[in-house]
Amino acid sequence: MLLKTLREEVREANLELVRRGLVLYTFGNASGIDRAQALVAIKPSGVPYEELTPEQIVISDLAGKIVDGTLRPSSDLATHLELYKHFSSIGGVAHTHSEFGTSWAQAETPIPCFGTTHADSFHGPIPVTERLTPSQIAGDYELETGLAIVRTFSKIDPASVPAVLVAGHAPFCWGKDAAEAAHHAVILEYVARMASHTLSIHAESRPLGSELHDKHFLRKHGRNAYYGQVKT
Amino acid sequence: MLLKTLREEVREANLELVRRGLVLYTFGNASGIDRAQALVAIKPSGVPYEELTPEQIVISDLAGKIVDGTLRPSSDLATHLELYKHFSSIGGVAHTHSEFGTSWAQAETPIPCFGTTHADSFHGPIPVTERLTPSQIAGDYELETGLAIVRTFSKIDPASVPAVLVAGHAPFCWGKDAAEAAHHAVILEYVARMASHTLSIHAESRPLGSELHDKHFLRKHGRNAYYGQVKT
Amino acid sequence: MLLKTLREEVREANLELVRRGLVLYTFGNASGIDRAQALVAIKPSGVPYEELTPEQIVISDLAGKIVDGTLRPSSDLATHLELYKHFSSIGGVAHTHSEFGTSWAQAETPIPCFGTTHADSFHGPIPVTERLTPSQIAGDYELETGLAIVRTFSKIDPASVPAVLVAGHAPFCWGKDAAEAAHHAVILEYVARMASHTLSIHAESRPLGSELHDKHFLRKHGRNAYYGQVKT
Amino acid sequence: MLLKTLREEVREANLELVRRGLVLYTFGNASGIDRAQALVAIKPSGVPYEELTPEQIVISDLAGKIVDGTLRPSSDLATHLELYKHFSSIGGVAHTHSEFGTSWAQAETPIPCFGTTHADSFHGPIPVTERLTPSQIAGDYELETGLAIVRTFSKIDPASVPAVLVAGHAPFCWGKDAAEAAHHAVILEYVARMASHTLSIHAESRPLGSELHDKHFLRKHGRNAYYGQVKT
């Protein structure tokens, strides 16, 4: 892929987060990777979205060395890089402080799968990381955040549950590219919002049974999917 | 009715769901039926609303055979068809994952009639279906969803309570045509939202007495209605 | 006052309710009175706001006889008339099914004065009517609603607390004219919304002390008011 | 600084509060100070924001004497002046009745630091003032409000926690200038909203540990900050 194309895709994913109301000021960032070149494109730090040009998107290698661009990358770059290094199936990452996703992360409570809207995109509850230890916080904080996410997925397939809540922080989502990562961030926020209402209406609400959860996830994903139009 | 007219009505009802904020991405669908021809018009699966043309609306017979249109119908078609087959008074169906309606469905709690806004459109609480059994889910899932709705109305007149919450899924609404089905979907969401707040303000809130519930429903419906302008 | 002017004021107040997001479809109505002529101008029943012209505003006398206009008046006319007959200080009435005001009415819970936003406009909690009896509902229902409001204010000055919650129904607000009635409807909704959050944050929240409640109400109202610019 | 510039900055900060949805009608005001001249520019009382011109911004000295402008200043001027007199590091003040900030003030509950969104801007919980006594309310009320805020910060650095909740009233925020005060008002509202949801999801939610709280605040503030672009 041309870096120009990757930059445009990453800019577009960042703007999608804004259009969907997931971002206050500059609290969020999306990135994408070109696996062939092992290069990551990410939003620059603290630049207002309305002024963001494709050229301002920063290009980094997987070690965090900036190989193209004149601005500082998002301060969360090291977290994105750990996800790309450990989750080989993903091509994009989106991080927001969206209202309800962040509230669940602050409550340090996994989001149960209460319904088919959740099951359509996430094949299981949205997990929460452990809190970082003082020495992890004092060390390479953003990298440690990435490692905490990776540990959370030691027994979960990140391709089936493309989102996590970082304890006391906010969600990170991913997908096959930056656009799908942003798409998952939008759905996560909607699912988080409804899960909160569900508990408010009935504190003992039960998660979906596994059969229905599987049914809906597999209606949209994998070999036997039958939602949407046939891709030709 | 001309199929062209039915298609335009169905497209318009789908767009109304979007304009009223009931739909995220493509999570929703509205349909209408021409009873004389026994043909149903429904949104195609996974097509973005902003691009939806009348020609893309799919025409199916009541057995689910596509008789006109080149796209796949909504994956929920079989649910709509069961409703048309069993509820002879209805001419349109609308299904959304609207925020509060879906939350009540996820909480598997019927929406009590707490006020006249509810009573003006629904002559009773909004019921919730039973959960489907594993074998129903493994079988013809969307058809079984329709049958679960039909069983829920074994002692309720669907013309008086034109909405249901499918357990762990979301609302289905209906009406004399696609436009009225969409209208009921909008009111259901508003009623669901206020019922949630009502419980939050006072957990022991009481439903309306039956006299006031009847009064408001009959002020707008049936022989002695006196709301609105005289239709001439 | 010319009827033309009154009609325009009443139309404008109705549109203000819509602009402020207090009205779904046609669920609301505002009216104004010309005390000299003892004539009331009110929204017609069930007419979409976007099409409402001043000429469509219906003119009624205090007995409910239509003296000008070709459309049916709002079905709540008799409630408005009772308020004008018993509350001699008021010149306008606004009725909505606004989201949080209606939720408090459904919870049959008076809105406590939790803060200065409330105290600036309402000199006391927002009271709730008694439920109507079956015979009142079966009788002249809308007139009985007005009388229930009037009874609720037997020991409250309607000029100091220009709003009420009708049990199981929704708010009615009033003011010196239709514009002020609509203004109070907007503030009531905001106050209702915040009171709900206040209880959610801390269930034992205490109302304002009477000194601060008085201070804020009297900062804006009456002889010693000092908020805003001097009217010259 | 020219008074013209200060007036424009203060007008702009007031309009920012409106654009961000923090203000209903005229419930809010922002001010800025020119420390060299010891002059404060503040919004006039009760003037609609959409009509606000720079020339209407009122100029007061620190004793509350109007030295330029023809309109009455905001009735909260005396509160702003106490903040400028006691908090020497600040250059702007913003006061709103924003929905969730006000609800926490009404609940008289400090906003705990539940997450990094809060920690990025506020180095500690958002404190609540004591209630004013009847004699303080009967006396110079707005000045006493300022003094109550100052007492609340006897052991807190106002530069590290640039916001307070006035009990039963609403938030006051500040910053190095009027723009930053408005910025803090926006973030406070967002943090207040999410803290409310956090408690609703899990009533026993724990605040951030001090290490992570420090980390995030210091990532954006002070000598070792590394968020955003290098200011040159």
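A, B, C and D are the chain letters, set down in written order, and residue numbers restart from 1 in every chain.
Criterion: a contact is a pair of C-beta atoms (placed from the backbone, for glycine too) under 8 Å apart; a residue touches a chain by one contact, two chains touch by 3 or more.
Just so it is clear, the model here is predicted, and its values are computed rather than measured.
*Asks:* Which neighbours do chain A and chain D have in common?
*Replies:* Common neighbours, chain A/chain D: none found.
*Asks:* When chain B meets its copy chain C, do both sides use mostly the same residue numbers (more than half shared) or mostly different ones?
*Replies:* Counting shared over all numbers used gives less than one half: different.
*Asks:* So, what's the distance in Å between the C-alpha centres of chain B and chain A?
*Replies:* Roughly 33 Å, centre to centre.
*Asks:* How many angstrom between the C-alpha centroids of chain C and chain A?
*Replies:* The answer is 47 Å.
*Asks:* Give me the residue numbers in chain B that touch at least two other chains, ranges are fine.
*Replies:* Correct list: 200.
*Asks:* Note which residues of chain B are touching chain A in the complex, please.
*Replies:* 24-27, 44-47, 71-72, 75, 97, 99-100, 102-109, 131-132, 134, 137-138, 141, 168-170, 196, 199-200
*Asks:* Inside the complex, what are the residues of chain A that reach chain B?
*Replies:* Listed in rising order, the residues of chain A that touch chain B are 114-117, 120, 183, 186-187, 190, 193-195, 197-202, 205-206, 208-209, 211-212, 215, 219, 226-230.
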